[in-house]
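In the two complexes that follow, chain A is the common piece, with chain B as its partner first and chain C second.
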Partner chain A sequence: MTDLDLVARNLWRKPLRTILLIISILVAFLIFTILIGFNFAYERSLDESSRANRLVVNNKINFTESLPYAYFNRIARAPGVTDATHASWFGAFYQDQRTSRFVGFAVDPESYLRVYAEQILMPEEQKQAFIRERTGVIVGRDLAEKYGWRIGDTIPISSNIFSQRDGSRAWDMKVVGIFSGARPSDSTTALYFQYAYYNETITFGRDQIGSVSLLTTGPEANDATARAIDAQFANSSAETATVDEKTFSRSFLQQAGDINFIITLVVSAAFAAILMIVGNTMVTAIRERTNEIGVLKTIGFSSPRVLRMVLGESVLLSLIGAGAGVVLGGLALKALESQAPFGALDLEPVVVAMAFAIAVLLGLLTGLIPAVSALRMSIIEALSRR
Partner chain B sequence: MPGDLITLSRVSKSYRRGRESIAIFDNLSMSIPQGDFVAMMGPSGSGKTTLLNLIGGTDRADAGEIVFDGGRIDTLSESQLAAWRAANVGFVFQFYNLMPVLTAAENVELPLMLTGLSHRKRRQNVETALRIVELADRARHKPKELSGGQQQRVAIARAIVSDPKLLLCDEPTGDLDRATADEILRMLQLLNRELGKTIVMVTHDPEAAKYARRTLHLDKGRFVEQGTGS
Partner chain C sequence: MAAILRQTGAVIAMNVRSIPQRLWMSIATMVAIALVVAVLLGFLALANGFRQTLAGSGSDDVAVVLRKGSNSELNSVMVRDQIRLLGAAPGIALGADGKQIISSELFVIVDGVKRSTGSKANMPLRGLGAPGLTVRRQARIREGRMFSPGTNEIVVGAGLLREFSGFELGKTIRFGTSTWRVVGVFEAPGTVFESELWADAAVVQSLFNRGVSYQTVRVQLTGPDAMPAFLDFVARDPRLQGLEATSESGYYQAQSERSGFLIRFIGWPLGVMMAIGALAGALNTMYSSVSSRSAEIATLRIIGFSGFSAFMGTMAESLVLSALGALLGVAIVAIFFNGMSASTLGAGFTQVAFRVELGPQILLQAVIVALLIGFIGGVFPGWRAARQKPLAALSA
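What follows is the complex of A and B.
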């Protein structure tokens, strides 16, 4: 028998209590794994979807405000700009806007396929069809699979913002291409159609564009290019704000709030609750064993060794709960992957390492009070309690 | 006659109860020869258990010297005392004090966790100790599956498994019926006579004291008379 055997036996002394504690810890680590997993996927998606030399120009008020179409050519000619395209948010949905909304942009096909070449992968003939066909639409693979769309299908795409002159909110579009992302696991749930078709048919907001995306000569030229563009439109009716793509994506995704802050808050609250529950239970559990700790010390177990055994028990408990939580969290991430807007939801090794470190810390903290109490406990006092 | 195993010289001990200091011993001196079997009797509060605690190094004297086998133990640090107890003293308690989560064999093995013995040697020692107390067939039973007498025999096996020179027994039969108590006392007597263990036993029971070689009577922290056992 080893100290670890003794620790394990004591841990399972009251199986129901131990199982309930493990479930509490498991839930906290399940929350941790899912939220941190999401956060990692989100950060990774920002890195992967952003090109270091791609800038985004929006209206300075906010990105929901449009820019005059006339800006596009002036931006494209700004110093340091090698290529440019534009996109306009359409507020797209299919049939029922409560259940089937998705990302839809009206774009200039030729330049958009150049500027976002690494994100929109499809055969050359489909690209050419998109450039050629005025009502053509290209659809992300996941979106096409979801609705069963195939190349050649004509589909009615509606807008929750715009309407046509005849009062209709649906635009008939012909699927001319189905694209995949840079990685097979990337989520492809957007569609793109011709700006020309959109601009001719909408009843308001004509000759306006949502944003301009541009490529610079290199990341080192970004700041100067951004400053030059924004200076060009300073004091105009539509001032611009030019930022790198990662900054823009982050601000877009954080419309609903600071994701990092929310995740930190939720995870901290979960662990604080667990600290109280497990800490309190460990104090009770060790107090119940006062007499046995007195016996161990009497037969020669040193106080530091008893302290290590009590801490070992709380750390072991924490590790079991954390391990189960991380495993379930990993499975949950896989199950949620198809719903995530960030692409693959992998259980990153760094998340496992963080969970391990937190579990050890949590175990040490929850075991600290009972362990110190066991360390200080006098044999005479301990043996007098039954 | 062998030399003294334990010598107490002018030992004083008092406890604080609130603001009051209660003296248990004042300049108490005594010695116990190697191989002795001493029963300590006396009324409640006479200091029997306190004396046992001082001899066993589980409590500290306020003044005086305690010598065990030629070496002072009253000057040892807490960790040194723990190591000394593990090597030299076996303890038997009134309520057995076995770990409920461990089997009889595992309970007996506990003191051996403090030694550097191999797993195999440990198992042999545990088997030997359980055979001595005639419980080899109950090795895998948990304490709750054993009778009071059997639990006390497991406790005795735990006390002797590391082959200590001294056994300290605090009311070892206080929780047992007469027949079972006699069985336990005969076992202690055997350990004293056959294996040469020095035994100090605190008891309220005159019948139990008869199994000892001699009886010391304590009252208000002083020995009042001495008797001879069977």
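What follows is the complex of A and C.
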């Protein structure tokens, strides 16, 4: 019988207690995997949905304020800018605005498809149709599936901001393309239609655009380009704020709340609870075996060997619980994927590695007190204690 | 019957008094339950505070008029002719000057910096006239003074000031090309108005290129009973077909109902998961309590105590531990989080500052979860205590 067998048998001497401990540990790692995994996916989606050399120009007052259309051409000609496009928020919905609101922008088709080429994937002939067709609209695959829209359909899209000059609030748009995102799992629930169509039918806000997106010659040119653009419009009727896309998305998402702070707090609480439970149970479990440890020492087990066995037991317990928790957490993330506002919720290898490291640490920590007391114990003392 | 009660009482007292013998295990269980309660209660109190702020914002005798379908003040646009027509509606209260109290307002979004994250956030800047203050009786100036009509002066809500930087009293702010000075701080406790900036409507119109348009209208009615007639008038008048009126309390109530996301998708699932972990800990503690007292229980059974009393003793011990844990959890939230200021993006697409708020209903929910852990954690070990064979236990 090897030491490992002995450790395993010790672990299962009271199966119910061990199973309960494993459940406690499992829950802590399940919470860890889901929350940290979610956070990683969120960070990754920020990275992937933004290109390092793509900047966004908004009105300096706030991104809900518009910019004059004339700015677009001036920005496109600014030093360091290789390409530019613009987009205007439409407040789009289909039939009932309580249940069917989605992201909808009026854009300049040709330049938008260039600047966001990696995010809007569709066949070349659909791209050409979008550029050609004045009332054309391209819709994300998920959105098209949800409402059963097909290419060639004419659909009424309403706005909660604008109305047409004839008083109607629905725009008839012809589906000319259905696009998918950069990754197959990316959620595609947006639609884009022609700015020209939008601009000539709205009753107010004409010749205004929501924002300008542009590509620079490279990330190293970002700062200089942003400064040059903002300086160009300083003291004009609409001053601009130019930032890289990732910074913009992050500050937008942070409006909801300090996500990192909440996740840290909750994960710490879960681990603190589990540390208390497992640590105390391990102490009791080892104390029950004081006599046995005395016997082991009598028949020649060295103190360090006993120490290793006790620590081995607590680390093994921790790893079993953590492994199960991470596996369950990975499954839970997959199940939550359709609810998440951003792409795939894969279990990142780095999350698994972090969980492993924490599990080993938890095992060592919970085993430490009983292990040290087992180490210190003299044989006489151990054998006489009841 | 009386004998059973007496027996049970004696065993319960014995059990509870023996808790210190298993001090560390009992404390571990208590702390675990306390953390479950604290996490769950934290989320519930966060959501509760937000909901209370929205629910407390509206008055029953003020009507909000928006462009039909706009759903929020930001998306709404109205012209002066439409507003003039509203004056013909029944039930509008008269001000001290004898004029109808109709407040035409603008609602624009400007950038502020959130103190907790340092990132940009949406602040509502409301353009108001004199009636704007009459329809908001909760508001009063706390420091400085009100803005003077026709000037680039601004007053800031106390909630906004707490959560966001850049709007301190006396500061000069630039929105685009216009420069504004903060001349006062107002408070309107427990309402969303505290998260707003207020300035003169005419100045906002000209500096934000809004021409002569407004975005929303608030109408002070003679009383809550005048509301149905007013809403009916707006709904029926053919010249007002582009508009839509609601009571202000109903308007914010509807927004508060859409705010359950935090609890439904994070608070409860997390609370339940942690409760399962704590339950495993509680069961372990109670099983070891039963096994460490097996000789004691056996002795009691032999001298005539019932199995039921052994069960109840274990159950009571478990419930006491979970009740203490619940108490500790509530104390953690009450001391460290209750009243804490927080902010999030509200339905109006602007930040709403609110305070974390405990309430009787959510306290009850959290305590029930804790006692449920205690109950389940006591049933199975209690069952083992009641069923254990006395002689076998003594000879072991």
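The rule is simple: the second predicted complex is superposed on the first by the 320 of 386 C-alpha atoms of A that agree within 3 Å, B and C clash if a C-alpha of one lies under 4 Å from a C-alpha of the other, contacts with A are read in each partner's own complex, and residues count from 1 in each chain.
Everything that follows uses one rule, which is that a residue touches a chain if its C-beta (ideal position, glycine included) is under 8 Å from a C-beta of that chain, and two chains touch if they have at least 3 such contacts.
Remember, predicted model here, so these are calculated numbers, not experimental data.
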Touched partner set for A:Thr99, first chain B, second chain C, both or neither: neither
Touched partner set for A:Leu30, first chain B, second chain C, both or neither: second
Which of chain B and chain C A:Ile379 touches, first, second, both or neither: first
Partner chain(s) touched by A:Asn73 [first = chain B, second = chain C, both, neither]: neither
Which superposed partner A:Lys297 touches (first chain B, second chain C, both, neither): first
Larger contact residue set on chain A - chain B or chain C: C
Contacts of A:Asn10 with chain B and chain C, given as first, second, both or neither: first
Which of chain B and chain C A:Ala238 touches, first, second, both or neither: second
Complex interface listing, chain B residues touching chain A: 53, 56, 58-59, 78-79, 82-83, 85-87, 91, 93, 95, 97, 99-102, 106, 109-111, 113-114, 158
Partner chain A, residues of chain C touching it in the complex: 24-25, 27-29, 31-32, 35-36, 38-39, 69-72, 74-75, 77, 108-111, 114, 116-117, 119-123, 175-177, 208-209, 213, 265, 270, 273-274, 276-278, 280-281, 283-284, 287-288, 342-345, 349, 351
Touching residues (chain side chain A, partner chain B) in the complex: 1-3, 6, 9-10, 12-13, 291-292, 295-304, 379-380, 383, 386
Chain C partner contacts - residues on chain A that touch it in the complex: 16-17, 20-21, 23-24, 26-28, 30-31, 59-62, 64-65, 91, 97, 158, 160-161, 169, 204, 235-239, 241, 250-251, 254-258, 261, 266, 269-270, 272-274, 276-277, 279-281, 283-284, 339
